[in-house]
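Working notes, structure below.
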């Protein structure tokens, strides 16, 4: 039986500020990337998010980012590799404590925003993040971009001794080279639920994605990134999950054997 | 053979800002209360401080505080108990990750500044801190004020299932009731190294302190709080340690059997 | 012709976090209390909010708060009076610069959340805020609670040389002593648009409010506090404005002659 | 009579953290670049620093930086130009309020750290900073790097309508092209007080600096950047000032006619 993980960024609310529809989307996903109070989130939000993840059998992941709440972790910051390593150790540890408090184990780490994008492109950053993870706990899974563009991040993760999990984006257009089409391009984000659900299904069942030029690109995928920002996004996730399950695909946390 | 722990606040530097003489004082202490980047400290400072603690066989403790870097955690903040609990879980977890990174275990938790002072006086705050600790790891030691004033904090710590460690201040004047004389009173802080060292020795060997009225107050003490803020403070710690060891007292981490 | 000011907290969004329906409510109000990036808001939000205020002929006010974004400025912090004074000077100045950038003048200052509530009760805090304002610009208006409870704040404001503007809350229940009924009491917040609009009208035309015991309490009012948190709140403000204008009351900024 | 300004970064302490010897160096300088509580400084430090500047007849300048206290404003951040403009407006306004509180006027703006370095190289950033300044107050002076490397920043400043003041570094080695030698090169920072003082004098009297290859480079200079980080730095500033005055050069704030 085929299986796949659906991961979603969660726990991005902060104090009086609410962001995302975590409680609505969590029944449909299998892994949560939880913000660690640097670029988003706060300790009470982390506590609540881990609680609902445990309640729904959802795997808990840390979603560390740059120290930039004002920029939501989306702006590059010119940190040293030692700083980055320590920032990630810190954030992963903070989330791990909430896992202990809820009698669960941290499953994975997926860097957030600018930190993710930089890790994809920059060997030093990919290594700093990977080294941080391995130092906290070498059993943690390292989520990396699937496809050609993700090879650097994957190689570094494996070099430091981590198990790497390949992630794809069913709602994003892919180039013929197997890379994500920039969000600035028209059509880069696919919004039709049926189209996205079918892409998700093809990724899982055929290990492939149809690129913008119509060719089928092979893509080894273990987790699909979905979003819970708004009611439409939640509907989309439900549609993806139903499509997958209707076709006999099991949706399970990436860390579950 | 008598033994005692010497604990010292450490890791209070932040970014470009240096505070404390951690590297100079660490050879003389046996436990470090390490700031967790809320009221002081940052991840790189935490990493360094845990590293030197491990190197010197010093027990590592978390020193969580209010989210108030601007006020150095010395100002009361009117948080809910749920917020406090989550703030402490967060900070303890963050430090624990650096312990993992340096292959050591977190030994204890001692709240910082206004959080400590409030925990001494306020049952709800004492409980919020204690509950946070027990949720992260029930084996962690909870440092509480020795003497009459510390009974509330001690009772709460024990109620939630923690092992409580009693702390005294050899450089502070005690009232006849066994409470600390307010810093605003003249003579509240004792500066003469010989006097402080002798007080430390009496605390350990006789389980007592001479109060301001000359009476000997019984005081059950397992750790003595010392400071490493400046060269004089470091000299004082060395003097305390030498005085203790010359009299056959072993200085060992509070968590060591 | 009778006139009144309608003031509303605005500019409380922060980075990726949206809060309040500023663009929807601004056509109906006459003064904006703009957050200054300490408890809420950020420089880009401040810039936008001042821009739309100018566009709608709305008076611009600073809404300084405690340095507590995590608690939205709603938690008391035990600051010294010197700290408070400097925090308010800082925030008022920051907003003033955006007024300069948009060729307008800062009209008033109204402390936010816990800072407002403390200023109402605590003479030192009321004075620290008032002194800060007068040091930046003695022509700024100081918004204080109308009625018996606001007398302390008013007296302090006048003592330091500020013009004080009395504020009432048409959607809040008043006790027979002319104080606000605590939000924890049932019925403390009135939600029926017609009831609230009528209370607003009575405040303006009769200088009175009907207390919870049915008696009419005299209340000298120059500005009414309204809210723009959600679509219902915006509807309520529109209803208040329409009711006032239908009865010949002019809604104008508090600082307009 | 020749005249020159000596500018120094000040007000970089934060809360419990002390940085720089502001009180010791201020008698020897004529302009202070005061941190605005983003990369360094806090409102109470700003208040004190403006007070001592006024007391010593020192011109007050704003020293805005990136929102990165943890990195002391030394790390590049990938902000939009609109964000940068608003960040600078905010910080300049905050300092201006302390000038009002001390009955003085803000004299100049000099960006700090990574913001300065980026403004030197990047036209958009130079323009964002300049536009921010002009929007707050077009009479403020814009401090820009003297020499070939500073031409971009200078041109932009003048284009938006600001008066630009050229700054040189007497303790830094210059290349034959008139640019600063990177700090990573040996000899980039000159430490001998006599050598630095003579370079300062030559800059002022001859409008030139001796480059690393021995050639004299023309350099139009109106302010010299000095430092007050430690006792040696303070001695160096005193030496520079005494050397200048002994040779008949008046040390006066950049904004003084």
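Letters A, B, C and D mark the chains as written, and numbering starts fresh at 1 in each.
As a convention for this text, contacts are C-beta pairs under 8 Å (C-beta built on N, C-alpha and C of every residue); 3 or more make two chains touch, one makes a residue touch a chain.
All values reported here derive from a predicted model rather than from experimental measurement.
Counting the residue numbers that touch the partner chain, chain A and chain B have more than half of them in common. Chain A and chain B have Cα centroids separated by 39 Å. Once the centre of each chain is set as its mean CA position, chain A and chain D turn out to be 44 Å apart. Residue positions of chain C touching 2 or more other chains, listed in rising order: 42, 70-71, 83. Chain contacts in this assembly form a complete graph, since each chain touches every other chain.
Chain D meets chain A in the complex at residues 67-68, 70-71, 75-79, 83, 114. Residues of chain C that touch chain D in their complex: 37, 42-44, 46-47, 82-83, 86-87, 89-98, 100-101, 135-137. Contacts from chain A toward chain C in the complex involve residues 14-17, 19, 40, 42, 69-72, 74.
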